[in-house]
Amino acid sequence: MSDKKVETKEPHKSNTQEPLLEIRGLKKHFDVTEGWFKKKREYLRAVDGIDLKVYPGETLGIVGESGCGKSTTGNLIVRLLEATEGEIIFEGENLTELDGEKLRQKRKDIQMIFQDPFSSLNPRMRVFELIAEPLRTHQTHKGKALSERVYELMDVVGLSAEFAQRFPHEFSGGQRQRIGIARALALNPKLLVCDEPVSALDVSIQSQILNLLKRLQEQFNLTLVFIAHGLPAVKHISDRIAVMYLGKVVELTTREKLFANPMHPYTEGLLTAVPVPDPEVRDTRERVVLKGDIPSPVNPPSGCSFHTRCPFADEKCKQDTPAFEELKPDHFVACHYPLEGGKGTIQRS
Amino acid sequence: MKDENQLLNVSNLQTHFFTENGTVPSVDGVSFQVNKGELVAIVGESGSGKSVTSLSIMGLVEDPGKIVGGDIMFEDKNLATYTNKQMRKIRGNDIAMIFQEPLTSLNPVFTIGNQLREAILQHQNVDKATAKKMSIDMLTQVGIPRADKVYNSFPHSLSGGMRQRVMIAMSLSCNPKLLIADEPTTALDVTIQAQILELMKDLVKKMDTAIILITHDLGVVAELVDRVIVMYAGQVVEQSDVFTLFKDPKHPYTKGLLDSTPKIQDLNEELISIKGTVPTPANMPEGCRFHPRCPHAMDHCISHEPQLETMENGREVRCWLFDEEVMEHERQKSGNEGTPQK
Amino acid sequence: MSQQVTPEPIPEPPVEPTPESKRRLKKSSPITRWAKLLLKSKTGTVGLFIVLVVFIVGIFADQLAPFGVNEQNYANMLAPPSWAEGGTSEHFLGTDNLGRDILSRIIYGTTISLLVGIFSVVVAGVLGMAAGLFSGYYGGWLDTITMRLVDAFLSIPNILFILVILSVLNPGILTLIFAIGVTNWVIYARLIRGEVLSVKEREYVKAAKSIGTKNMTIIRRHILPNVFSTFIVISTLSVATTIILEASLSFLGMGVQPPDVSWGYMLADGRDYLATNWWLATFPGLAITITVLGIIFLGDWLRDVLDPRSQGR
Amino acid sequence: GGEDNNDNEANTGNADEGNDNNAAEETDNNNAENDDEGQAEAEELIEDSTLVIAMGTDMVSWDIHDHGNTSTEAVHVNVFDYMFKRNKDTMEVEPHLVSDYESIEDDVWEFTIRDDVYFHNGDQLTAEDVKFTFDRVMEDDTLSEHARFTQLGDIEVLDEFTVRMTTDGPQPSLLNRLGQTGASILPKDYIEENGMDHFLDEPVGSGPYSFVNWARDDRVELEKFDDYFLGEDFTEWEEVVFRAIPETSTRVGELLTGNAHVVTDIPPNEWDRVDENDGTRHINAESNRTMLIIVRQTEGVATSDPRVVEAIDLAIDNEAITEQVMQGSGTPTRTRMTPGNVGANEDLFDTFVYDQERARELLAEAGYEDGLEITMQAPQGRYLMDSDIAEVITGMLSEVGIDLNLEFLEWSQFIEHYQGNTNEELMLLGLASSLFDSAQGLDHYTSESPLNEGRMDWVNEEFDELFFAADVNMDPEERSQQYQDAQEILAEERPHIYLHSINMNFGVSDLVDYEPRIDEMYYADEITRR
Amino acid sequence: MKRFLIQRLLQLIPVLIIMTFIVFSLVYVAGDPVALMLPEEASPEDVARVQESLGLNEPFYVQYGIFLTNAVQGDFGQSYRYNQDAMSIVLERVPATMELAIASMIFATIIAIPMGIWSATRRNTFIDLFITGSSVLGKAMPNFWLGIMFILILAVNTQIFPVSGRGTFMHVVLPAITLGTAVAAEMTRLTRSNMIEILQQDYVRTAKAKGVSNGIVTYKHSFRNALIPVVTIMALQTSTLVGGAIVTEQVFAWPGIGQLLVQAVNARDMAIVQAAVFLIALLVIFINFIADVLYRLLDPRIKY
């Protein structure tokens, strides 16, 4: 196997450095009341109070089941959605309060890579125009400088210059995703939010893109928020991982700790549910098969929202919402009965 | 050679689509066997012809597609020659199929019960009440709580996982001898996927149904099946039992596929990827179809198409690297001309 | 080299163009692609042919028509077509009740039928496009108001609306164009809005927003080009409906006014002669039917070419 | 004075009917074999004693004073009775409800009502009803007939069956007036008891038929009134149906299939079809409606030059219009008073002037040798072949170098221009005179007439003198002569350029006999079984 | 369901207000009807008096306000032409128009649905081509022309149907076919394209995989789904249908709202126009509402 191991970055610098991005009590409730008159307005709690910090140069992974609010969080960070409540502090400025021209300027620093390379590029624009669009929008480059910059970006993401005059449909999924990345990099952002950038791609292409992202991060000292629901991909790229369930972060820690010693029962269920591409271990591997379906974010369960599927839930879980606390150094969990040693032994507190 | 145990024998199956832009040979000479009660996986990237192969077996290839060659021997019947009417007796009864998208594979305007019952009424000589009882039984078996209530509800009120269970119940309701599951879990969450895979494993054990599992998720393959068929660009490129395949993949494509799958255990390796993309059937490369992407491609590969060769323990590989003669020749060439082509 | 293949890290890109994208590159000129798709569709070819012929006739009406549009000849009234029994040789399609040459009038009628058809569609299209784009994109109260307005318009049959407008204003081609235009904009507004609602949720629009593109720029560069094909398709079919609508208005006495002549006018005018002098109404009727047919064919074909989903088929 | 001139003018109902039975020509095809089904239908209806008349437009109201519409009146005459009624052959008024009358002075008249007349509801018709009727129209100035009856002045009930009218000055045409629209007698008690709205829903008259049903824009159904004062045998129809069918070919279709016995407004191209069909025929009959062009002679307008006006008249080949375009369904004329009207100048009828050469000369004299551009407004679908006529005239004028802009107007807009005096140089119109008296027909041209001032602006003192003298002249002979002289002046000076009198065209079933009346009324009793 | 009903009723209000406003403005611009009401010799004083008595001298917004207040109470004013309550005159006509509209809808449905299914299931065959061709032709013929042809051929020449008027079942046949043809054409094309789309759906494949017969696949699994959009779009067609009725009624002397309307427009009888437009709008909205209910019945995914 390859000896080209990528250096593990130093553990997060939580105590030493100011976070680049800080999310406090972020909520997004979608109004799902139909019609004008209804006795009770109903809300879909897509994001229901999350707190996160992202430090410069690190990669924060966000994982969780489909519909748990990952994309919504991502969209809130780049201000594609307005938060219902909470603050998003980027470099000391509260993004949720920004507006108009100030916001437009701020957007330069926070860029996004989208999930679907097929729908995230305007089918009627040529590659050159697509990559030039952010530069033109912010008028950072003009004329010759502009085209030089575009070609430079294409080179960075590994697209040969001769592709510049083509339309997106003339590319494969992986190539399209590269165009998306080039666009995102164009303005030298400080923070890059990747919303499932590889889940629409084939396995073999996925790895190309993941490698590229990793390389670019080193090259440009990017800070990444990497959203995915496939754990393996996240694992490869993240320094710390936040696990979301039903609009809340239930566990947040370094990836080593997470994989070695998940403390939230949901995290454990998620980890063991990921099929391992090794038939040798299939009969010996331990797994926690979670029962039941994901509850609806419109009527989230009382208390701990995971209690309906949790093998260890009791009355307390049904009634009290567990706090999101740092139970171990750099290991935040929201659970009344966090797991100890990753082996399902319950630490009764 | 007819094996007692053999249930399905596909040989040299060719299914082409006659589109406005010319003929698309989506399946181009696929051969494989499935034994009774066996769990077989067909893997391969998107567009490699997995679904078309399974639809050909079901006789559900739609216009402008046609089976243009090869045999599909099911027990002693050649399904390739069956008319639609004859196939109707086979479908749902002897061979059942689960489709990829549980969200769209159930008719939204009829109740679950209505749709479940249909197959039973069609193939088994029972009255409606019995069919209902059987359906509810089946629902209970696939682990749906309050099955009698679910029986009367519409698909939209069920979650993805439940719908997929309904699909499984539906396909198993007539005790088929062969179940084709075309990417049954790709639309589901991992935790739900785990439930479904667990369920399928149990059911097969109980009912002794053979399963063809179509997927491109090698993790799922490793978890579940006995034997693996790897397809690339409309052809089978490798065929082996699951343990050997993962331990010792022969075909460079299989290897690439395995390597580029991120594994949860190992951290921090740079992932290995296969360069380029799957060729479309309309632009098939000459020679070995994988050669433009193959790290070991030789001159020979560019012009000569390899055949599926049987190796030790019944493995089959389609690659010149395993042809002694060719390799000998190449070695000589490289001796003369320097390093062999990469 | 051993027979055993050792996995090697596969070098990083630059990615080569795939064979397919190479192929596409060669043929990416839209015109050749359209032509190819056109020739593949028989009805599309027929439709385009008809429409082209009609346009040419409309443009060169003066040169093509053997007689003046209002050239009367009392000596030769209601003459049957030259090839029918009792016909006179100089009037290929016969003459009408004032002895005017029907062929010439049909040729002249082409111009006005097309003018009315096309320009009322332009008026409706521009209004509807603007309403659809802005209300769909911005949503909120603008959308609410626009859509209620659309509902109100849609709940009144447009022919009725047009009748009322025409009775208020002086009849004539311009009024007709205006009346049809301001009643038909709702169709565009509604369809375009629907399309905008879906386009604005596409990720590329979000992507544009996320890089700080201004709303007007997004509408102009991202939304408009992507709803334009829908617009083209509706408007083609709309030209067809307008030609028929104009005929109905003529029937009600509110269409084109003489001395202008349109097919609809001729058809409505000649209807009293259907039982006795069939050629008066039949030929303009045929002209309408064939043209509408051509436009519908062309529109269907356009729908196919412009709909990205159907391109693979 | 300018009182009764507008009768049945531009704003009358549908186009063009009229009759003079001498002129009525009938075409009949009896030799051909029967068209079975159509014939069977028609026979069935006849056996039921049901008569069906299909018209182009429906009647609009049962209010006799508020419709101003010939085709409405044509239905009313079957339900209501008048004090005087026009003779169907001579068009002269004859006493109807009146048993005796006397002109006591030039402006005082006494009428004795018959004592055997009953309304459909059983009430007897008395002098009170007469007074009620005329008082209503004279008092209520919102009624459309109001202006035409104000001259009737004071009405006194002398006894149960006698009324005295003191008119506003001498009224030579009074009797005509009492036989026309608005003069039918209403049931006073019925209306006072039930109110006018009820009357409009369920009208009651004293005529030969009583009201059964009116489905608007569909049909009016009447049934025979058994107590009619002229006796039970007055009419042979038990039931009369007036159907409204706007579309010509549909109307003809109903005739051909035997579902209607008399069908109005048949355009020339359908004549052959009607004639050739077995069991139906076409009737072409003269009316007193004249097609004409109003000429604006206001200072500064091109047509204020008499030479231009004459040139226009000379450029129009009236016979080509009547013979070629209208297939003989009209007669060229140089006056609007057709024969049969009191004071009609018959010398000017059935003649026309046409001389393109002279027309060009006149134009050149007037300074328009290089051409002249003027506008003509015309209605469309109002009168028989009106738009065709307009287009033909355009063609004719272009031959002498007049470039005519044709402006077709929808009727309500047309009438707006007409009434608002916003007419252009020329305006095409068809005028009839329901009074059958030149007093009404020639009133247009006096210098005082609101119909002249601002619209034609034509002034001729000699004409004024003749007209006003005749207006109060109680000597019929002399009065008639004065009118005829006045018409000579009109023909020369052309405030109106007369084109032709319009003929009415009917399709008639061979099962009935029908002679159309020149006053365009459809008296069901005058249609008889063959 | 109840809430849905109330909601729909409430949504009606702005639509109707906007609609009456549009029509009222048009009427206002149309100028005053007094000219047509009075005899030509009427003096300017007469005109002013009548204008005042009709409230026509008030400013626009006052007039509209008065109109709206009265309209809310169901009073659309007097018809100038008939001197009667406009709404009751219009209401008299509703049955005839409804009869025609329903008959033509039934005709269209009976023709179009089987044709659409037929041509969808035999895609690209001669039958498909023929059906598609005829439906395009059906759209391309103006309906007054079609009506007159029907009268000539089927009523006058062969005397199968009555020529015109309203009465027996036979009377409604020709007008209904005339009016229904364009709708049928549209519906055929729609059914066809929906069926084609539905036939490609996953659940149809599922049904086939169960081994059920073609009939069940076509009529049970596909048709019901294909019907859903057809229902909504056909409801949207009602307004076209009523528009077409204006012409058709004239051809067949059918005493419906359409004929009344054309005459009212020509006579500037605006009270009638207002009342009729209002009623038609209500009718159209009502039919759309029915379609909505139907839609919800057909498609269990939609909840009340």
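Residue numbering begins at 1 within each chain, and the chains themselves are lettered A, B, C, D and E in the order written.
In this text, a contact is a pair of C-beta atoms (placed from the backbone, for glycine too) under 8 Å apart; a residue touches a chain by one contact, two chains touch by 3 or more.
Treat the numbers as computed from the prediction; the structure is a model and nothing was measured.
**Q** Work out which chains are contact partners of both chain A and chain E.
**A** Common neighbours, chain A/chain E: B, C.
**Q** Per the definition at the top, count C-beta pairs in contact and tell me whether C-D or A-C has more.
**A** Taking the two pairs in turn, the one with more contacts turns out to be A-C.
**Q** Using mean C-alpha positions as chain centres, tell me how far chain B is from chain E in Å, no decimals.
**A** Chain centroid spacing, chain B to chain E, equals 53 Å.
**Q** How big is the gap, in whole Å, between where the Cα atoms of chain A centre and where those of chain D centre?
**A** Taking the average C-alpha coordinate of chain A and of chain D, the gap between them is 88 Å.
**Q** Please work out the Cα centroid separation of chain B and chain C, and write it as a whole number of Å.
**A** 48
**Q** With chain centres taken as the means of their Cα atoms, state the distance from chain A to chain B in Å.
**A** 32
**Q** List, in ascending order, every residue of chain E touching at least 2 other chains.
**A** Residues 31, 148, 152, 156, 250, 266, 268 of chain E touch two or more partner chains.
**Q** Going by the touch rule set out above, which residues of chain A reach two or more other chains?
**A** Residues 1-2, 4, 172, 174, 208, 211 of chain A touch two or more partner chains.
**Q** Counting only residues that touch at least two other chains, what does the list for chain C look like?
**A** Counting only residues that touch two or more other chains, chain C contributes 7, 9, 13, 15-16, 18, 20, 167, 253, 271, 274-275.
**Q** Would you pull the chain D residues touching chain E in the complex into a rising list?
**A** So the residues of chain D touching chain E come out as 2, 5-6, 9-11, 37-38, 60-61, 63, 66, 68, 141-142, 144-148, 197, 200, 215-219, 243-247, 249-250, 253-254, 256-257, 259, 410-412, 415-416, 418-420, 450-451.
**Q** Spell out the part of chain B that touches chain E in their complex, as residue ranges.
**A** Per the touch definition, chain B meets chain E at residues 58, 60, 62-63, 84, 87-93, 96-97, 99-101, 104-110, 115, 118-119, 122-123, 154, 156, 167, 170-171.
**Q** Flag every residue of chain A that touches chain C in the complex, lowest number first.
**A** Of all residues in chain A, those touching chain C are 1-2, 4, 75, 78-80, 103-105, 107-108, 110-112, 114-116, 119-125, 133-134, 137-138, 155, 158-160, 162-163, 166-167, 169-172, 174-175, 178, 180, 183, 186-187, 208, 211-212, 215.
**Q** Would you tell me which residues of chain E are touching chain C in their complex?
**A** Residues 14-16, 18-19, 22-23, 26-27, 29-31, 136-137, 139-145, 148-149, 152, 156, 236, 239-240, 242-244, 246-247, 250, 261-262, 265-266, 268, 273, 277, 280-281, 284-285.
**Q** In the complex of these two chains, what residues of chain E are touching chain D?
**A** 31, 35-42, 46, 50, 53, 81-84, 89, 92-93, 148, 151-152, 155-156, 159, 162-166, 250-253, 255, 259-260, 263, 266-268
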